[in-house]
Amino acid sequence: MTAAIRLHIVVPVTGMGVRDTAALEAALGPQVTVTCSRIDSGPASIESELDEAVAAPGTIAKVRAGAASGADAVVIDCLGDPGLEAAREVVTVPVLGSGQTSMHVAAMLGHRFSILTVLRRLIRVDEEKAPRYGLAGRLASVRSVDVPVLDLNHDRDQLVGSLAEEGLRAVSEDGAHVLVLGCTGMLGLAGAVAAALAARGVRDVPLVDPLPATLQVAAGLARAGLSHSRRSYPAPPVKDRPGYDTMLGAGPLRAGRGALAYRGR
Amino acid sequence: MTAAIRLHIVVPVTGMGVRDTAALEAALGPQVTVTCSRIDSGPASIESELDEAVAAPGTIAKVRAGAASGADAVVIDCLGDPGLEAAREVVTVPVLGSGQTSMHVAAMLGHRFSILTVLRRLIRVDEEKAPRYGLAGRLASVRSVDVPVLDLNHDRDQLVGSLAEEGLRAVSEDGAHVLVLGCTGMLGLAGAVAAALAARGVRDVPLVDPLPATLQVAAGLARAGLSHSRRSYPAPPVKDRPGYDTMLGAGPLRAGRGALAYRGR
Amino acid sequence: MTAAIRLHIVVPVTGMGVRDTAALEAALGPQVTVTCSRIDSGPASIESELDEAVAAPGTIAKVRAGAASGADAVVIDCLGDPGLEAAREVVTVPVLGSGQTSMHVAAMLGHRFSILTVLRRLIRVDEEKAPRYGLAGRLASVRSVDVPVLDLNHDRDQLVGSLAEEGLRAVSEDGAHVLVLGCTGMLGLAGAVAAALAARGVRDVPLVDPLPATLQVAAGLARAGLSHSRRSYPAPPVKDRPGYDTMLGAGPLRAGRGALAYRGR
Amino acid sequence: MTAAIRLHIVVPVTGMGVRDTAALEAALGPQVTVTCSRIDSGPASIESELDEAVAAPGTIAKVRAGAASGADAVVIDCLGDPGLEAAREVVTVPVLGSGQTSMHVAAMLGHRFSILTVLRRLIRVDEEKAPRYGLAGRLASVRSVDVPVLDLNHDRDQLVGSLAEEGLRAVSEDGAHVLVLGCTGMLGLAGAVAAALAARGVRDVPLVDPLPATLQVAAGLARAGLSHSRRSYPAPPVKDRPGYDTMLGAGPLRAGRGALAYRGR
Amino acid sequence: MTAAIRLHIVVPVTGMGVRDTAALEAALGPQVTVTCSRIDSGPASIESELDEAVAAPGTIAKVRAGAASGADAVVIDCLGDPGLEAAREVVTVPVLGSGQTSMHVAAMLGHRFSILTVLRRLIRVDEEKAPRYGLAGRLASVRSVDVPVLDLNHDRDQLVGSLAEEGLRAVSEDGAHVLVLGCTGMLGLAGAVAAALAARGVRDVPLVDPLPATLQVAAGLARAGLSHSRRSYPAPPVKDRPGYDTMLGAGPLRAGRGALAYRGR
Amino acid sequence: MTAAIRLHIVVPVTGMGVRDTAALEAALGPQVTVTCSRIDSGPASIESELDEAVAAPGTIAKVRAGAASGADAVVIDCLGDPGLEAAREVVTVPVLGSGQTSMHVAAMLGHRFSILTVLRRLIRVDEEKAPRYGLAGRLASVRSVDVPVLDLNHDRDQLVGSLAEEGLRAVSEDGAHVLVLGCTGMLGLAGAVAAALAARGVRDVPLVDPLPATLQVAAGLARAGLSHSRRSYPAPPVKDRPGYDTMLGAGPLRAGRGALAYRGR
C-alpha cells in the first residue's frame, strides 16, 4: 500500500494568483494532493534574465517552506525554472522545474522538439536552456508568438491561432516532431491548440503542456523514492546572507519532513 | 475523476519468467494495474547485439498484443530497449524502454550519471545508447560487474558488493552524481546496493532502479494523455514480411483500444 | 602476389532479387569475385523501423553463411544497415554496411554531405544514423523524393528528376558539398542523376552510389587484412535463442574461413 | 587621441571589502581609472547555487549604478559571474564576468584549460559554465583545493602549494595546457603559484589570474567601442518587481552615460 | 607604472601595403606603439587554401622577426590566421590571429555570431575555423558578399550595402546576435556598415572589426603578462628545412626580447 | 573491364627517401601501379606545426605534378596531412591524406580509436585533427612513444615494445577498440606490433597501418570514379604568388589527365 503523495507548486511571479489545485489533482489519480504558494517578492511575470534573477530568491524560500510543510515533491511553475538549482540545495525532496522536465519528456516522445514561447526575446534564453539540460541535440527550434505573459488571456482565440501557426512552422520548417508549450501561463490551452494544429493538418505531433506533465513526473519520482543528487546539489554552507536571511529562514533549520537540517559544508 | 491506468510489461527474453506484477503495482498507487507477457521466441537473455536483434521481433509482437488487449502504456523490460522504435510504430499508446527512460530520469536528477551493467561487452553498447537518446553529455561512464544476466541470482551478496564497488568507482573516478542499475534483472537489489554504497561512504548519489522508475513515468504519461510522436514513429507500410506476418498479426488490424489501425503509408 | 578477393553481398529484403554480380565485379578490378544471397524471411522492402527489425535476423544468418562459404568481406545491401552490428559479432571477416561506409566516404570527400532518401519517414531514421556513426557534424541534411522502395523503377525519369531537384536543394539550401544516394535500390542511377544535376548547374558535387562505393572499401579492407574490432563486436555467448537457432545455425560452429568458432564468452 | 577609460568593478559578496583599485589601475596603462563597489545585500561569499542566486539582484543593481555613474565597462568580480546576463539587460556599456572572460582568454592561449576552484562542490558548477559559454570542448577539467573562500587567506603558503599540486595534476593527468585560478579571491597569488608550479617542473603553462585578465579585456572592448549584443540582452520590460524596485531603481530611468533609458518592450 | 607596449602587425599578403599604424595606435591609448611588416613571398591575397598555405612560411618568418625586434605581441592581419600555430612555436611573446581573436570576442558579446566573408568559397573555410577554435556552437553562419579581396576598394558603397544586406540576413534568417567583418581588408568600413544596418532596422547587433579588436586584446594580454601555452606550442626541433632555412633565420637563435632561443626538443 | 589504376605517393619530408613502391603495389592487387615523389624543399621530418607549414608548399607542388603525370589518385605520406586541403584545390583527381583516411577507416572498424604518435608534442596536433575531420566523438586518445621521426629506425625492437605498451594503455585505460600507427615512418612495423600486443593479451583490436590502408581507399575511390568535392575545394584564383610561382608551376596550366586547367574564379 503506497502512502498518499503531496505535491507543492511554487508560482514564481507576483502578477498571477495561485493555481486551481483541484483541477490539477484530478489528473493525477487518487491519493495525490496538490498545494500551491506564490512568491511574496519578485517580478510580476518572467520575461527577461532580470525577471529570472529577481524571481529566484523568493522561489527558493517558497520551495523550502513547501518542503517544510510536508510536500513530497515541489514543482516550479515556470518554463524558465528560476532558482531551480539553488532550491535543490536547500531541500531533500525532489524539486522539478517545468522547463527541464518538459524538455526531457519531449525528448522521450520523439526525435526533436520545438518550444513555443511568449516573447521573441526568450528564444535565446530557451535555446541556452537545452544544452544546460544536456539536450542540445534534441531541440529543433524555439519560436515565439510575441505576446507578453500577462496578456496571454487577452485574446484567447488569437493566441491559440498563433500557437498553432508557429507550431506548424516548427514542424514543417524546423523538423519538430514534438511541441512544448513555452509558458505555464498557457495552462488549459493544449486541447484548443491541438485542435488548431489538426485543422492545419498536423495530427502526428504530441503537444506537451508543461505544468501537468511536470506534476506527473513529480508524483512518479516521489512514489519511486527518487530525489535529485545531493552530490550535484549539496546543502549550502551556513553563512550570513544579509537581506535574504529572513526570507530564507536561515539559522539551524528545524523544518519538518523533507526540509534540510543545515550542517554546514 | 481519472480513469484507471493499465500498464503492460513485455519481458523480451525467453530465459526468465514474467514479473510479479502485484509487487510492482503496489508502488504505483491506486487504480493502476500491471500486466506482463513474455516473448515466445528470442534469446534466453540479452547480452550482445545478436541477442538484441533476435529479441526485437517478438518484443514488437508482444507490445502490439499488449496494446490490443487494452493497455494504456507498454514498458519493455530490458535496459537495451530491444525493438523500442519499431514497437512505437505499431501502436498508438506510449511505449517506453527501461533504458531510455532511466537515462532521462537520471539526467533530471543530477549532473552526470553512470550505468552499472552486467558484462564488459555491454559497455560499448550502453555508451552508444546515450548519444542515441540525445544524452551523450550526461553520461559519466558505463562500468560492469562482469556477471552474465542469468547468473545474477547465483550469489546475491557478491553481486551487491560488486555493484557497490563499481558504483563507488563511478562516483570517485568518473564523476558520476547519479547511478543507474544497468539491467532490469537487478530488480529488487536497489535497497541493498544503496546500503552497500552508504557503507562505502557514498550517501549523496541517487540510484535509479530502471523498471520501477520506467513504470512511474509510463503511468504519468498515460495519465497526461501523452504518447510518442507519430511523426517520429509513423505506422509502417502494409507489405509482406514473410516469416513474421503471423507473429506480428499483420493484415488490416481490428485491435482494441490503443492498437493501430493500419492504413498503409 | 595478392590472393584473389571474394566479396559477398547480402540483400536484406525479400521483395527484390539478387544482384547482377558480374556488373559489380567489373568495377572492382581483376581477381575480385562477388557473390550475392538474399534473406529468406523478412520484409519485402525496408521503409520503417519495423522493417529494419524483421530484416535483421535473416541478414545476420546470411552474413554468417556468406563468411562460412569463404567470403573475405560481406556487404549489407541497404542504407539502413540492418543487423550490421550483430552480424559483426558472428563472423571475423569484415562486415560493411552500405550506410555507414557511404557516409564515411562522403565525409572524406568534402565538407558536409546530404542523403537523398526514398520516403519522408526515413529522414529521421537517417538523421539518427549519422551521430551513431560519429558523423553528426558532417551531415548537412536528409531529403526525400517520397517514392516507396518497390516503386523506384516505375518511372525512372521522374525519379532521376526528383533526385536532382532534392540534390539541388540540398546543395543550395542546406550547404551540402557531397550527395549520397539514399537507397541501394537506386543502383545504376548515379550517372543519370549526375547529368540531371549538371543540367541544373550543379557540377562540383560528388555523388556517392552506396553499393559500388561500399564494395570498393570492402575489397580494400580485405586486401589490407583489416576487419572490425572484436573488442567492439565480440562473439555472442552460447545460449538458447528459440525461434532463431535453426536460422542462425547455432551450436559449435565448424564453418570455413572467416566464420567464427563460438567459444562462448 | 583616445578618451580616458573608466572601469567599474562590482564585488558580488558582502564578506569582503572593495578592491585596492590603485594596484589594479597600475597594470592597465595610462588613462584608465578603476572604481569599485560592493553589494549591500547578498552572501558573505559565493560557494553554492544559493549564494549565486542571492548575489544576483544586488550585483545587477550595482552594475546599473556603476554604469549610471559613468563607467565605460563593468566587471563582476567573481568566477561564478552572478547576475551577468541580467546585468547586461539593464545597461548598454559592456558587462564582463570574470568567469566567462577568463575562460575565453584561456581558450585563446592554448589547447585545453583547467580551472582550480575553491570547494569540491563548485566543480559541477564550473563544469556547467563551460558549455554555457560555448567552450565545452576546451575545458580539460575543474579541480579544487577544498578551501572555503573566506579561509583563502588563512594559510597562504599552504594554499599556494595546494594550487600548484592540483595544477600539476591538471597538466599531467587531465591534459591541461592552460590554468585558470578559479576564484577572484585568489588575486595576488598568481606569481607564487607560477613559481610553485615551476618548482614542480611545470614551466610551459600560462596561469590566468581572472580579475586582472578580465579588466584588460574590458578596457580593450571599451576602447574598441564594443558592447554586448542588445539582441541577446534586450532591455527588460517595465513592470512591477515588488521587493526589488527600490534596489534596482526602477521606473523610467534617467541615468547618465551608459545607463539604459527604459522604453519597455 | 606599466611599461610601454609594442605591438607588431604582420600583413600576410604581397598584394597590399603595410598598415597606417598611427591610425591604429590612436585607438589603443597612450604608451602603445604599433609597427607593421609585410611578407616578402606569398600570395597577393588570401582567398583559398592554397593562398593560406603559401602565406604561412613568410608569415612565420615575419612574426619571428617582429618578436626579435622587440614586439610585446604580434598580430596576424588576416581572418584566415595563416601560420598562426606555427608562428606561436617560434616566439615566446603572444601571437594573435585576427580570426581566432575576433571569434572569441564575438562569443563574449552575445549568443551566436555570423561572419561576413569576401568570397563564397571561403564559407567552408571559415565554418571549419569555428570548431577548430572550440566555438562551433557559437557560429550562426558564414555569409559572403562575393567580392575578391583585391576588389574590396573598387566600389565602397556597393560593398557596404552588400555587407549590410548579408548582415541583415544573418540576423533575421540565421539567428546571429553579433556580426564579424570577415576580412581585415574591410578595415575602416565598420562605421558605414553599422549605419547601413541601422538603416535596415538592425540596431541591436554589435559589429566586430577584426584587426582593431585583435589589437586591443593583444595589448591587454601583453600588459597582463600572458602568452600562449608553450605546452600547446613548444619550440620546434632543430633540423634542416631546405628552402626555408634562410627565410626563417634558423640555426641557434640569438634574437632579442621575446624571440625564442632554440634548444631543440 | 576496368582500366589500370595509377596511384602516386608524395613524401612530404626531405629527410627520407622515396618508397619501395613494388612492395606497396603487391598488396593492391593486379593492375595497380604506384609511383612516388619527394618534396624538394621543406622539413627533414614533420614534428611540429612549423614543419607542417613548410612542408605544405612543396607537397602541393608534387601533388600537382603527380596528377599532371597521369595519376588517378594521390596520397600524402604523413599522418599530419600537410597541404591536403590546398592540394585538393589544384587537382581534380582524389587526394588522400594518410591521417584523415586512417581515422575514417578506424572509425568504420570499431567504437573508438587511439593514435600512437611519435612525440608527445604531437598529441595536441593529432587531437585537433579528429574534430577537423568530423570524428571527435570517435577518438579515444592520442599516446606517444616519445621517439623523433628520424630515430624510428634506431632501435626497432624497443620501438615495437613502446608501441605495444602504449597500445595496451590505450586499450585498457582509454577505452580504445582500434589502434592507428601514428606515423607513416612506422611502415612495416604493424605485424611486429600486433604480435607484441598479442603477447600482452590484446588480440581483439585491429591495428591500422596508415599508408597501406590509405592506398587501398585511394584505389577504391579511383575505381569508383569518386573524387573530392570541387564545391569544398574549388580551383584557386589566378593571381601572383611571388616565391611560389615557379614551384607551383602557375600560369594557365596545360597539364595532363587529372590536372586542373585554371580558369580563375
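Going by the order they are written in, the chains are A, B, C, D, E and F; count residues from 1 in each one.
By our rule, a contact is a pair of C-beta atoms (placed from the backbone, for glycine too) under 8 Å apart; a residue touches a chain by one contact, two chains touch by 3 or more.
Computed from a predicted model, the values in this text were never measured in an experiment.
Q: Copy of A-B's interface among D-E, C-E or B-C, judged by over half the contact pairs being the same?
A: D-E
Q: So the centre of each chain is just the mean of its C-alpha atoms; given that, what is the distance between subunit D and subunit F in Å?
A: Going by mean C-alpha positions, subunit D sits 45 Å from subunit F.
Q: Counting only Cα atoms for the centres, state how far subunit C is from subunit F in Å.
A: Here the centre of subunit F sits 26 Å away from the centre of subunit C.
Q: Going by the touch rule set out above, which residues of subunit F reach two or more other chains?
A: 111, 124, 128, 131, 136-137, 177, 232-234
Q: Quick one: which chain pairs are touching?
A: Listed by label, chains in contact pair as A-B, A-C, A-D, A-E, B-C, B-D, B-F, C-E, C-F, D-E, D-F, E-F.
Q: Which stretch or stretches of subunit A touch subunit B in the complex?
A: Counting only subunit A, the residues touching subunit B are 1-2, 5, 26-32, 94, 96, 100-101, 104-105, 107-111, 131, 133-138, 171, 177-178, 203-206, 208-209, 212-213, 216-217, 219-221, 223-224, 226-234.
Q: Where on subunit A does subunit D make contact in their complex?
A: 14-15, 40-45, 47-54, 56-58, 60, 83, 85-86, 88-90, 119, 121, 124, 128, 131-132, 148, 150, 232-234, 236-237, 239-244, 248, 265
Q: Quick check: in the complex, which residue numbers of subunit D touch subunit B?
A: 123-124, 127-128, 131, 136
Q: Okay, in this complex, where on subunit A does subunit C touch?
A: 111, 137, 175, 177
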